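The following blocks contain the structures, represented as structure tokens.
Next come two complexes built around subunit A: one with subunit B, the other with subunit C.
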Partner chain A sequence: MDKIGIFLCSGCEIDSAIKLDGLQAVANENGISTTINPCLCSPEGVAAIRKAVDDGQINGVLIGACSPRAKSDEFRFDPTKVAVERVSLREHVAWSHEPGNENTQALAEDLLRMGIAKIQKMNLAKPAQEAIEDTVLVVGGGLAGLCAAEAASGLGKPVVLVEAKEELGGYLAGVTSLVPEIPPYEKPASNHLSELIAKVTESSKVRVLTSCKIKQISGQPGQFDVEVESAQGAQKFKAGAIVQATGARPYDAHKLPHLGYGKFADVITSHQLEQMLKQGKLLRPSNKQAPKRVLFVQCAGSRDPDHLPYCSSECCATSLKQVSAIHKSNADVECLVVYRDLRAPGQLERFYLGVQEEPGSLFVRGVVDKVENGGGQLKVTVGDSMLGKDSVLTADLVVLAVGMVPNSADGEALRKIADAKVRVEKNESEVQVAEAKKQIEELKRHEGTEILNLVYRQGPDLPALRYDFPDSHYICFPYETRRTGIYSAGAVHAPMDAAQAADDGWGAAMKAVQCIEANKRSEALHPRAGDVSVADFFLQRCTQCKRCTEECPFGSLNEDVKGTPQYNQLRCRRCGICLGACPERIISFPEFSVDAVSSMVKAISVPEDYEEKPRIIAFMCENDAYPALDEAAAKRIQWNPWVRIIPVRCLGAVNIIWVADSLSRGIDGLILLGCKSGDDYQCHYMRGSELAQTRFGNIQETLNRLALEPERIRIVELARNEFERAPQILDEFSQTLQDLGANPLKGF
Partner chain B sequence: MGDKTELITSSEFQQELRKRGGLSVSRCFQCATCSSVCQLAPAEAPFPRRQMLWAQWGLTERLMTDPGVWLCHQCNDCNTRCPRDAKPGDVMQTIRSLAIERLAVPGFMGRLVGRAATTWPLLIGIPFLFWIVALYAVNGLEPPASPLVYDHFVPHWLIYIVYFTTTGLVSLATLASGLRFWNMLGKGAQRSGSFISSLIGVLIEIAVHKRFAKCETNASRRLGHFMLLWGFVGAALASGLIIVALYIMHEEMPLAFLHPFKIVGNIAAVLLVAGGVAVLLNRLQPDQRAGAPTAYDNFFLSVVLLVIASGVLTELGRYFLDPLIACWIYIIHLSAVLSLFATFPYSKFAHMLYRTLAMVHERMTTSQNK
Partner chain C sequence: MQASSPQPVMVIGAGIAGITAALEAAESGAQVVLVEKDPSIGGRVLRSYHYFPKHCPPSCGMEINTRRLERNPRVRVLVNSQVTKATKTDQGWSVTISEAPLYVNDRCTACGECSKVCPAKVADDFNLGLCEVPAIRLRHPDAWPRRFVLNREACPSGCDACAKACKYGAINLSAKERSETLQVGSIVLATGWKPYPLEKLTELGGGKIPNVISNVHMERLASPTGPTAGKILRPSDSKPPKNVAFVQCAGSRDVKHLPYCSAVCCLASLKQAVYVKEQLPESEVTIYYIDRRTPGRNEDVLTKVAAMDGVKLVKGKVGKIESHDGAIVLRLEDVEAEKIVDATADLVVLATGMVSNLGDMASQIGIQVDADGFGLEDPQAALFVAGVARRPEDVAATTRDATGTAAKALVAAIRSA
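This part shows the complex of A and B:
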């Protein structure tokens, strides 16, 4: 921006910590006028800023007051008219450093210089107005999908509900009753699926397509182009957002030979038992006689690294329900439930207590090792039962409570297959072809699993994450997947029971509606909710390295035939990971760019004389690390005055060039503070902190070659609640740098 | 089958256990808090965690041959600390009642008393009818003239015939059950030392209620139980002394109020009344520190209280009541005592036998108690 106004606040202890005329001098050096207000967030203070903006005197507002996380409503201006940058004089200076100290003053002046440098490079946001479609596409007509359709149509959105089978209903269509859903959680709930189906199919807002296959979905949220083939004919329509509720299927019990499935007719799965109960005929398949003793094997194949490593969370409750149903029809049938840990989540404990006390029910802890023929009966060997040694129980019918496998498709694996096939076709070298063929063979099980058929560079379906569930951020953002505007609900989202699946359907539908509404306002979805700026690609300089298209966590970028990125702004979440990836530095946002941050780095005054005055730059993720440090400041925890903090959208948005800029400026060290990576990542953009780890792992080798100590760069993962640790990390790093001595490039 | 055992689980036993007051056993999830807090559980074979497990599985055989079931004094420290309200103390009590039933000789008597919930009118009514019929046959139920001499109403010879016969039969049944239990306990256990000296040690322990002293939750029961025990000992002693007074010292009946034998009897009566009241009050505590009442427990306690109350009223009735009323109270007393005696090996009273044997067995199988 060219017309900048600086507004400084002297309240909240800022005045007593630093000399504001020193800051004014810094502003004067840059030829910018300053206004000082004793309470800038007061109506008068805000009115003064607004007046300057409205008069057209300024198009850039630099506020030196509290953290950008505070008073955000007061200091919110139209981003299409004015750029705003905030310098945290309160949290990062006054509350966290010794008042009146020259180093504190130097810190404040540096922060202001950095703010000025940044705002000079900032541009006004130019939100692109796009036509946004209202329709919600719900994929899957089971309970979650039906609830999603009900919720979205209830919110006034047209819904297209597509179902692969001939009838709606999904898994619950074959279920008699449900586990208790309402207080006092003692009796099974009735299956209310048919009423729900009637309600949804009768709704004028909902169009149901059965026996449906999705041929292709192209475009972006708000503008998806969907092509399907169904019993109602081939159709093309637009959709604004998608809910994938494709459910789950039972784990294949044939993979559990030790439990005798497929070998003995009287070993059945809980799903087969459910069918029998639904037909009202509980008979042993071998001789069509009523069983006297039914033995339930819990965790059949679940929580087992060789089968399903996870708990499906509903099998125990389902067995409880089935025991209760068996006893209801015949109280004399003995039901033995052998469990590892009986899991009755939530209020279902109350149900469990009741079923336990039913005459003829016996719940025992143990692991079923083997099911064998016992002459007319089945002999079940139970180990780890606390009875000392393996024991054998006899039973007429053995029920395997098998877990659930999500009906998901692994988009990334499917893309790898497609890429490998291209390589085979190109036939560039024998080695390449052999490798590609090997890859195709390895990934064979994924072939033909396509569900959404997205036209996305990163694959035709949602990436399947841990255990093949496409849920991407279960801690902070439920229903989110790694594709913006596509939400997962029900058993494909996570293993769950009917009550949860219903909630999940409603929840995902609301996210879908939220996505459509935000798109209409040209706003990004969270975590940068409300951000109206979009990325700008200076494609003339693009070298088609494909790093941005590979690394975007949301699949925002497609490629043309040459590999040039094609930006889909409605898929974009504004994390800036592409900006961090780009070696040519051609990607920028109006208010956050490689150039702007480089300028901030360069604005820091680095004392020639090192004597106890090192300079450190901390790139802090604005999601967790930055707020944690704000909280430390609010608790008046102090840290060293050598650190200059630059907030970034994500650690993945840190471009390597900033390291070169910093070190060549004589900065003694860089520290990056971001969210946790790994299996239980807390990165708000899923892959950002992981990518930063990789990128900075590579750069440390380079530092070695330049005879710079790799210790000068550090990445630390910090959780939002670790506010006490944040200042400690900064102090420890400062100590490390003091031990290393001055940056040898200082003064060059 | 190698080291595998085929489990003979008895759902019949489980059903019976649940019906008789052990329903809460199904709640146990084997955390072993009960065994850790139990002050009485021996370190090498702690209870009641494993008994809860066996009870869940319906492993009757193991429960019947386990001394731990009997070493438990139902302090209920486990009940108050159980995180899942499985009430191990109550379950153990129910297991004991089932054990008494299964060890009973003859078996039908065990089942009759075991089902006291429905059979209690028989158990009390038959002795009462017996006395009515017997007395009608002897003296036409004619109440004697004042001053009341009970001997004129119920001749001593009749009392001897009835009680000596009952005691004899019951002793045989007790001996048979005791031997059966002792042999079952001995299976697979290495006993050492002398039975007699171990028994003496155990009796001393019982005399001072050493184990009850370790109870916390149900600590208030100790005094009541102690007084009842010694009250019954005193009553038995007084009964013996009466025979001495009658046939050796040729004293005139009824004995003078300050006669030493009478004093022994009266001290016993005071102990019994005080103990009975204490036990009853403890039972009625709203926190159920003595465990949830079952019909089986209630039957035994009611008969004991009836014996005490009718006994005291019989003695007082001689002085203060109309002879007709006093005589009917006396009949009730005689019936209650008969009921108590006759059901000894089958009611909760049998814990005297089995717990003593289990304690002797414990002494003979572990070193620490010697």
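This part shows the complex of A and C:
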């Protein structure tokens, strides 16, 4: 910005910690006038800033007061009209450093210099208005998909509901009764699926395509181009957002040979039992006689590291329901349920109690070791049970409560296969071909699993996380899949029962509608909801290195044949990870760019006499590490005054150029504080902190080559609540640097 | 929205369910009023040290949520507020909200000068009354709205020390209660839960033996913002425990107390076993359970904790807990061996269940609840329930449920317009 006004607050201990005239002198050096207010966040203080903006005197507001996390309502301005930068004189100076000390003063003056440098490089947000399609595409016509269709159409959106099979209904179509959802929760409830199907298919807003296969989905949220083949013919249409409700399939019981499936006709799965119950014919497959005793084997494949390590969540309640259904038609059938832990959470406890009270139901805690032929009956050996070691039970029919496997496709694995195939075809070296073939072999199980067929550089489907469920922040933000505008729902999302799948369909539809509406307002989606600025790619200088297209966690970037990135702004979540990846510095946001941060680094006053004044830069994730440090400041915990903090949108947005800029400036060390990476990552952009670890792992080798100690750069993971650790980390790092001595590049 | 709802959606309760429902609706374009009885939002989740299964702090997601609230012009948040009257109208609901006197207003900078001079001490409600705080204070470090709160009834007669100390005119000791009536299209009840009272579990030593504590108490002990600054200490002598017993289904799955399963306590105890072992690696931890209920990928938590050195999982219902010569004795009904076994511990954590808060509100609004006070949605009346007010469930299920409930409430608001 070119017309900047600096507004300093003297309240909240700032004026007793530092000399504000020193800050005014810094502003004067830069030819900028300052205003000091005893309480800048008061209506009077804010009014003065607004007046200067409204009068057209300034288009950049630099506020030197509290943390940018405080008083955000008071200091919010229209980003299309005025740029705002905030310097944390309260938390980062007055509340955390010795008042009146020259180091404290130097820190405040540096922070102001950095703020000035940054705001000079900031630009106004230019929201891009795009044509946004209203239609929601729902993939999968089971319970979750039907609920999503009902929800989206109820919210006024046209819906295209596509189903791979000939009929809608999914798993529930083969089910007679359901686990109870309403009081008194004691007996199975009737299945209202047909009413839901009628409601959805009769809605004028919903178009149903059956026997449907998605050929391709290209484009971006708000502007997806969908091509399908279906019983209703080949179709092309636009969609604004997508709900993937492709459900789950039963675990293949053939993989459980010790339980006798496939070997004995009278060992069946819970799904086969459901079919029998639906047809009203509970007969032993071997002799078509009614069984006198049915034995249920819980966790058949689930909770087993060799099969499905997770619990499939609904099998216990389903077995309860089936026991009850059997007794309803024939109270004399004995039903034995062999379980490890009977999982009937919440009000299903009442259902469990209800079924336990049915004469002829018996629950046995234990693990079934094997099922064998027992001469006309089946012999079931239960090891480690309440009946003692290796007790043998007999049954006429054994029902395996098999777990659920998500009908997902791992987009990233599929892309790796495709890339490996290209390498085999190119045949550039024997080693490369051998490696590629090995990779294809390793990923074989993914071949042919495509569902959405997205035309995305990073693969044709949602990336799958643990146990193949496409998911991300499944605690706080359960719909944040890594492909913007595509939300999974139902059993493909996580193991769940019918009641939860219905809720989940509604939830995913809410997110789909939200995606469309936010795009109409030109606003980013979660977690930077409301952000109206988009990235700018200066492609003339692009060297087609493909780092940005590889590293974007959201698959925002496609590539042309040469490898030049093609930015899809409606897929973009504004994390800045591409900006951090780019070696050519060609990616920027109006308020956040490589150049702006480089200028901040260069604005730091670096004393040549190291003995007294080392300088350290801390890049901190604004979501977790930075708030943790704010919390430390609020508790008046002090930290080393040599540290200059630069907040970043994500640790993945830290560009290595800044390291070079810093070290060549004579900065003695850099520390990066970000979120936890790995399986239980806490990064709000999923991969940011992990990417930072990789990038900075590499740079430490470079430092070694330059005869600089690798200890000068440190990367630390810090959780949002670790406010005590945050200042300690900064102090320890300062100590390390003091032990190392001055940056040898200082003064050059 | 294309089919826009002219009437806002009202969400009652600003815990994780209410915040989620309000934000998801507002980011979709709806007008939303979020009503919270406490002076700050966050409800029960902010009182937890970590979430399972990721062992991550709730303030991490809450940081994003508060920023979403700040940025969104369509959500109006009313804290310190309660519904005093709700009447069904042709277009939805007419709801009267009463806002408690706002002794500390938006001018507050959270500088803390008032707290320094406050002569009165009150029990810290955020820390379950486990410690004392000045009558005027920031409720907790992540409090939002970020302003101090005053327990006015605790002020010594005539004292105005805080008002004098405030340089910013943020304190008005004669603030009055305020009331307003709002027309809304639909209502989401996200009133959450409270822990089943320890005192009712007398057979388990609840309220009688100092070193028998509840699981919510353990969350505060482990939390850096808790009464012991994150140190797990026995209440009796403030020493670290050596032998910790977790008693599952303390009140839950028990016809004498709560007939239902509270759905989260197994995972909460497994998670808390990790707190204990990480902080006190030498300690012994035993979890007494009926069934280990860790659905879905939460099974990973069970697998991990069961494999930890010094952690035992024992199947058996604890029927009685007594104190003998300073030691705590747990009487265990080993159902399978059909015998009674005694075990000892020096700190017992009762995995107490969740009780729905919907009780009084239910009759006021006329929503149906089940025998245990969990609400049943009524789309015809444009009334919906989200989170634990609806059913015992964990945070991951709550956020899904609340997002879906936001959609239902919006559909109803559109229909009633």
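In this section, the second predicted complex is superposed on the first by the 713 of 748 C-alpha atoms of A that agree within 3 Å, B and C clash if a C-alpha of one lies under 4 Å from a C-alpha of the other, contacts with A are read in each partner's own complex, and residues count from 1 in each chain.
One rule holds for everything that comes next: a residue touches a chain if its C-beta (ideal position, glycine included) is under 8 Å from a C-beta of that chain, and two chains touch if they have at least 3 such contacts.
This is a predicted model, so every value here is computed, not measured.
Student: Let's test your reading of the overlay: on subunit A, do subunit B and subunit C clash or fit side by side?
Tutor: clash
Student: If you stack the two complexes on chain A, which partner ends up touching A:Asp680: first (subunit B), second (subunit C), both, or neither?
Tutor: Second partner only, subunit C.
Student: Spot which of subunit B and subunit C makes contact with more residues of subunit A, would you?
Tutor: With both complexes superposed on chain A, more residues of subunit A are touched by C.
Student: Could you look at A:Lys71 and tell me whether it touches subunit B, subunit C, both or neither (first, second, both, neither)?
Tutor: After superposing on A, A:Lys71 lies in contact with subunit C but is clear of subunit B.
Student: Taking the superposition on A as described, I'd like to know which of subunit B and subunit C A:Gln356 touches: first, second, both or neither.
Tutor: Touch status of A:Gln356: first partner only.
Student: Quick one: classify A:Thr564 as touching subunit B (first), subunit C (second), both or neither.
Tutor: A:Thr564 contacts neither subunit B nor subunit C.
Student: Once the structures are superposed on A, label A:Arg365 by its partner contacts, choosing first (subunit B), second (subunit C), both or neither.
Tutor: Both partners.
Student: Given the touch rule stated above, what does A:Thr736 touch, subunit B (first), subunit C (second), both, or neither?
Tutor: After superposition on chain A, A:Thr736 lies in contact with neither partner.
Student: Which of the two partners, first being subunit B and second being subunit C, lies in contact with A:Glu334: first, second, both, or neither?
Tutor: first
Student: Could you say whether A:Met386 touches subunit B, subunit C, both of them, or neither, answering first, second, both or neither?
Tutor: both
Student: Mind sorting out which residues of subunit A both subunit B and subunit C touch, each in its own complex?
Tutor: In subunit A, residues 353, 365, 386 are touched by subunit B and also by subunit C.
Student: Which bits of subunit A are touching subunit B when the two form their complex?
Tutor: So the residues of subunit A in touch with subunit B come to 334, 353, 356-357, 359-365, 381, 386-387, 389-394.
Student: In the complex of these two chains, what residues of subunit B are touching subunit A?
Tutor: Against subunit A, the touching part of subunit B is residues 1, 3-7, 9, 11, 14-15, 18, 23, 26-27, 29-30, 53, 56-58.
Student: Okay, in this complex, where on subunit C does subunit A touch?
Tutor: Touching subunit A from subunit C are residues 1-3, 16, 23-25, 27-29, 49, 51, 53-57, 59-61, 63-65, 67-68, 70-72, 107, 109-112, 138, 141-142, 146, 167-169, 223-225, 252-253, 259-263, 291-300, 303, 315, 335-336, 370-372, 374, 376, 391-393, 395-397, 399-408, 410-411, 414-415.
Student: How about subunit A: which of its residues touch subunit C in the complex?
Tutor: 11-13, 38-39, 41-42, 66, 70-73, 76, 134, 147, 151, 154-157, 182-185, 303, 305, 309-313, 341-350, 353, 365, 386, 466-467, 469, 473-479, 494-496, 500, 502-511, 513-514, 517-518, 521, 526-527, 529-530, 623-624, 627, 631, 634-635, 675-676, 680, 682, 684, 719-724
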